[in-house]
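Handing you a structure now.
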Amino acid sequence: MGANGERLLEVRGLKTYFHTQAGVVKAVDGVSFDLDRGEALAVVGESGCGKSVTALSILNLIPDPPGKVEEGEVIFEGRNLLELSDREIRQVRGNHIGMIFQDPMTSLNPVFTIGNQIREPIQIHLGLSRKEAKQRAIELLEMVEIPQAEKRYKMYPHEFSGGMRQRAMIAMALSCEPMMLIADEPSTALDVTIQAQIMELIGRLQREINLAVMLITHDLGVVAGVAEAVLVMYAGKVVEYADIGRVYYNSRHPYAWSLMRSVPRMDEKRERLLTIGGSPPSLINLPPGCSFSPRCPFAEEICSEQEPPLVEAEPGHLSACHFARDFERHGKGVED
Amino acid sequence: MRKGKFLIILVAAMVLALGVAMLYSGCGEEKTEEKEAGAKEGGTFNYCLNAEPVSLDPAQLQESEGIAVGKALYDGLMDNDPDTMELVPAMAESFETNEDATVFTFKLKEGVLFHNGRECTAEDFVYSWNRVCDPATASEVAYHLAPVKGFDEMQAGEATELEGVKALDDYTLEVTLSYPYADFVYHTAHPVTSPIPKEVVEEVGSENFNENPVGTGPFMFDSWTHEQQVVTSKFEDYYGEPAFLDSVVYKIYMEEETAYQDFKAGTLHDCQIPQGQFAAAEAEFGDHALFVPMMGIYYYGLNVTAEPWKDNKELRQALNYAVDRQTLCDVVMEGQRLPAEGIVPPSIPGYQEGASDYTYDIDKAKELLAEAGYPDGQGLPALTLGYNTGGGHEDPAQFIQGNLTELGLNVTLEGYEWGSYLDLIQAGQVTFFRMGWLTDYPIMDNFLYPLFQSASVDNFTMYNNPEVDAMLEEARSTADEDERLELYREAERIILEESPIVPLMYYKTSRVYANNVGGYIRTADDLSPMERVYFIEE
Amino acid sequence: MRLPDHGGPEDLMPGKEQPDLLGPEIEEFELELEKEQIHGRTALWSDVWYRLRHNKLAIVGIVIIIVLFLVAIFAPLLATHDPLYSPLYDSTVSSAEKAGAVKQTPNSEHWLGTDQLGRDIYSRLVHGSRVSVEVGIVAVLISLLIGLLFGALAGYFGGWGDSVIMRSADIFFAFPTVLGAIVIMTVLGPGLINVFIAIGVLGWATIARIFRSSILSVKENEYVEAARAMGASHARIIWKHIMPNSIQPIIVYATMGVGGAILAEAWLAFLGLGQQLPAPSWGNMLSEYLVYYTTDPWMMFIPGTAIVLSVLAFILLGDGLRDALDPRLKGSV
Amino acid sequence: MLIFILRRLYQTVIVVIGVVLLLSFMMTIIPGDVAQMRAPKGATEEMLQNIREKFHLDKPFFSRFWIYLKGLPTFDLGDSFTYKRPVMDIIREGLPWSIKLAIVAEIIIIILGILAGVISSVSRYSFWDVLVTITTTILVAMPIYWIGRLLQLFFSQWLSWLPAAGAPPPGTAFFTGLKYYIMPAVALAAISTAYVARMQRSSMLEVMRQDYIQTARAKGLSNRRVTYKHGLKNGLIPVVTYIGIDFGVLIGAAVLTEIIFNWPGIGHKVYNAVLQRDHTMVIGTVFVLVLIFVFINLLVDISYAFLDPRIRLGGGQEVT
């Protein structure tokens, strides 16, 4: 939410639906947010809330069929990415926006060497020769703190450890000096210690090369040190959007609030972690009113009747709850 | 919707497949008018063989493919006239026989050359016949010379030369038999008895003569690509009329159907007509489709030592009246066979019409069945009718079963593959069986003696009639042709009356040859003499 | 993990897949969708039936199979003629009529025409379905019996028995199938029962392999350990605990195996080693009519289409079953 | 890796000996007296006995088996009963034809099968996909000899484009000779092509939803590059394995094809040999066929390891 820099990306009313035989799955249903140069935004939510689809929609990577971006705009550097031709969007992918994925074990092609895979976008987007591209790839490997880069360059993914692979993925995503990096749960599949290293690396790179980062995670804990703003999603919609401090300490939405309490934290002593009962709703058949209402500990009658709009609970803090403005009082009253 | 489209395509594909099949109905090729005949010298004739020849060594010529090639490479003392099957001299100028048909003296033509250029003399016959009978040669067809004196000693390894074969001089050969056998001279028309040059055998080794055959025939051997073809070329110094053709390539096919396809495509100049296409072939190729009666009989045998056939002549005769040979030949076999009411076919000198009075007469059959003790088939155990699979015997077998069912019998079919079939018949496990008999020589003896003489190994019906045995022996020692044939005829009538077999059909050749070919005939032993064949000027 | 009722042509494919490039969360979401919304419960066989029911190609297969079975059961009622009757054998029929009785093209009297002996092809086709059904079922049962027994012995007990059995399976694999069938049939002689045995015996190795490997994967599971700890007998453990959990690929293979057996009957008949004549079987009919493929090609399309359709049906059902039983199961064609 | 190869070799030997043992036994219990079949018209019992001795038929089963086994390492397979020539000579003549046919069939399988599979996986539910799916399923369901006959009916009988059968005669020019291969190779390849197409399709679809494909797309690669570089190389792995193993099968499984197309190969010969009770021929031929089959399997296993870098060094993964 830091509106202090130069605007890089604007997402407006993004709707991505999947057309299945069981019905239309509204995976992303009207999501809007902004990202400035060098800013780090965390997109948080449970599995199936639409955060990955949002990321894929930005790069127009939604498989069609069955998926389709139905509505909305993704303005990147003044151009609507959704209206670009195939050729043009490919110039953006990997070149201006890099992306890394959750599972480094499977995200690298097992039959090509690491070097080959890093070299590929460099050659394609920057038009470097094979030799130059190799030089650049080795530099990149060094940049992401992979030792013996020259030797590693020739190795296959299966010869790398998980953390190494994710570093290689990052190197690959950053190979063309993109302005923005989308990291889709970059550390989820890794050991806790490695997780921290990877997040640290992303944080460092973001600062050093003024990279805008869209960090997708279900785990608020890991973004604490990196992200400046947080977008909380639930059932394909934005339910809370604010800078990180506000979401952490002054959440205005019961879902985000519960999420905060489901994460173990160093700085707070809690007797037990909160768990959110039930499971995410079917995106085909959303419950009436607020999607979260069946699971919401504070739900009232209105919640299952009317869908709450996304409103400014306080300046710079958006929340989609009927009680957003007086959530603190309302929520605490119930909990204690 | 996608699936709808898919299903529609699926159904459409099926319907289309069926539709194509239905729409197509015999739109045969246009028959081209034959050009005016005019023999042309030269050319290469592609002759169809239906299997790989087992061997090209005369000592191993046993099956029709080997013999077809052998007939072109080798000549013998005598030959059969291609049209009448009567005996005519080949390398022999003439021959004489003594009173009781035990000694034959052949006078040879002079100046007959082997393919290697050397003249062939009586000594070469002596050498070649000895070689055939030598156990070291391991000939499976040495039996052609079995009547020659000294044969048994030779086979047993007790002698190294046939006692009964002598070269009196370069051009006189004397053959003595161990028993009277007037028809022996027919054996000398078989290519197994052809002469081969000793020096070639010694040069290449007896075992390899097969791959390097040299004879006195109208064509010389060039090459043999196993499973593919045998190439022969015209022998310019042939003692008889030299061939018109430059060369004959014997193409080896494993399957009649595919050969027929290639014939139609022009790759082959002749081939067998596959079963089921006789009528169509006749319509398409007219008189180039040759259906010539052959020297063979197709019959169902009854093991007369086994129940229920044993001592029940009426039952056996009933079967003979119950089968509709005419329909079998005309409809099932598409006219490609001749109804057989006797054993010896019409192509054999001595053939008698009406050897039996077995006609299709279901009432008579029923009468006989009742006389046999099984009125309307009651009391008769279920019969099993055996046949060997894969040779086109299925349809006749089913037809016979239908006929016998009509008679009131309970018949099941049992198909065996050839490998075990003969065994089962001889072991008496199959007592009602299909069998065919093709003879090596156009003589009545060759039908009656092997099949019905009580000690013969090929007597599958176990028929044993001392009277018939005596008659057959007598016939063999009768040098006078007419007398001899009369004896055979009588024996045939007796056998038929006793009905150990149900004769069904006489084989016919089923051969087609190309439009641009002349002089092509098919003989009763299912061969085509290549020296008579020529191409016609287009 | 797949969209609940995907029924596109890809259902034919050995390895069933899901829509590509969906993010992981979509897949998880779909799982939820299947479990909760559609089924409400997780009983296996109802799941299977549900998925199968929504696979149109499998339904096509099932329909053909049902028709095949109905035809086989009610063959005598459906046939318009005695499948063995031919006017050629009939002494009351004139010879002119006999000459015209064979190889008639389809007409109102003979719906699919008559064969080379003048018999009604339609009636022979209807009766022939019985042979196909019998061969399919019996041969597969024999394969199952041998294959499951040896597979269970090998997989469950391991050790040298395992080695012996699996090496024997290797031997059967290395043996060219057609040749194996020919040799077995020449040993046994022709006839329907021997066709069952030959086809059945040749199929055991695959089933043993599949069953063994699934037993190996199930064997170490906790519930098996638990059963063993409670002193259950080997037979009981295999039957009660391992079987239900390893049987799925076997069911798929066996279903397709029925189609394979129908096909095998056909080529055995072609080699003259099949069902004894004159009883009609599709294999016999096809090889009989094949003779006339240049003069009367329509004939061979009748048994040919029947064979293809019924084999197709079992393949479609097998594919459908595999997807329905376990969408992730792969490669056991 | 070495241990892996050694283990496979040991299994190979066991399988080969097992096949010979099984086959010898079966040939022994096949009804039908070899001597009887070989004997001339009018043969005596003595002559039959000679034949039996010549072919060792009078000896007990195990001593005959031992005679075989002794000859195997030097490829001394005895003489054919029917052709009276060394079985190995006959195999030497037939095997090249079988292998050549299998190679052409394999080329058809590779080109058509993989192409069809890739096309239908790339454009799922398109016309081509549906066509490929229907064709492949029907092909699998068709008796191979019927496929052969249909081909002959269409291309030889009706259209006269191709020779109905047979191998190219000696001295035929290469391209003319190729015409002889087309139909038998297509018939032989039909079922495998269908399997490969189905396998390739599902393997491609499987690969195309792997994370690394998404990575490749996110790198901004063109669809073509994603499919044919990143997808195909991975998607080919199981297919290549299948094709390799199938090559061994094709050489030995061509019995029906070789009969219908009058191909002078080895499958044809062995079929006739069974019917002729030519024991030495049957056992010798199958021995060579099985040897080829297991050897190719071995090669495939080893080459598989080189195709997939994951196995190259890891060494543990066995392919069955």
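Some observations on this one:
As written, the chains take the letters A, B, C and D, and residue 1 is the first residue of each chain.
The rule we apply is simple: contacts are C-beta pairs under 8 Å (C-beta built on N, C-alpha and C of every residue); 3 or more make two chains touch, one makes a residue touch a chain.
As the structure is a computational prediction, the values presented were derived from the model and not from experiment.
The minimal number of chain-to-chain contact steps leading from chain B to chain D is 1. Nearest to the overall CA centre, using the mean of each chain's CA atoms, is chain D.
Mean C-alpha positions place chain A and chain B at a centre distance of 88 Å. In whole angstrom, the spacing between the mean C-alpha positions of chain A and chain C is 50. Spacing of chain C relative to chain D, judged by their CA centroids, is 23 angstrom.
Measuring from the averaged C-alpha position of chain A to that of chain D gives a distance of 53 Å.
Contact with two or more other chains is made by residues 2, 6, 10, 257, 260-261, 390, 417, 419-420 of chain B. Looking at chain D, residues 30-32, 125, 130, 133-134, 138, 152, 157, 214, 217, 274-275 sit in touch with two or more other chains.
Along chain A, residues 56, 61, 102 each make contact with two or more other chains. Chain C makes touch with chain B in their complex at residues 7-9, 56-57, 60, 84, 86, 88-91, 95, 98-99, 101-102, 105-106, 116-118, 186, 189-190, 271-273, 276-278, 288, 291-298, 300-301, 305, 309. Those residues of chain D that touch chain B in the complex are listed here as 30-33, 36-44, 46-47, 54, 82-84, 90, 93-94, 97, 125, 130-131, 133-134, 138, 152, 156-157, 160, 163-167, 169-170, 258-262, 264, 268-269, 274-277. Across the complex, chain C is touched by residues 11, 14-16, 18-19, 22-23, 26-27, 29-32, 124-125, 129-130, 133-134, 136-138, 140-146, 149, 152-153, 157, 195, 198-199, 201-203, 205-206, 208-209, 213-214, 217, 238, 249, 252-253, 255-256, 267, 270-271, 274-275, 282, 286, 289-290, 293-294, 320 of chain D. Those residues of chain C that touch chain D in the complex are listed here as 8-10, 12-22, 167-168, 170-171, 174-179, 182-184, 186-187, 189, 209, 259, 263, 266-267, 270-271, 283, 286-287, 290, 293-294, 297, 300, 304, 307-309, 311-312, 315-316, 330-331, 333. Chain D makes touch with chain A in their complex at residues 210-212, 214-223, 230, 233-234, 237, 308-310, 313-314.
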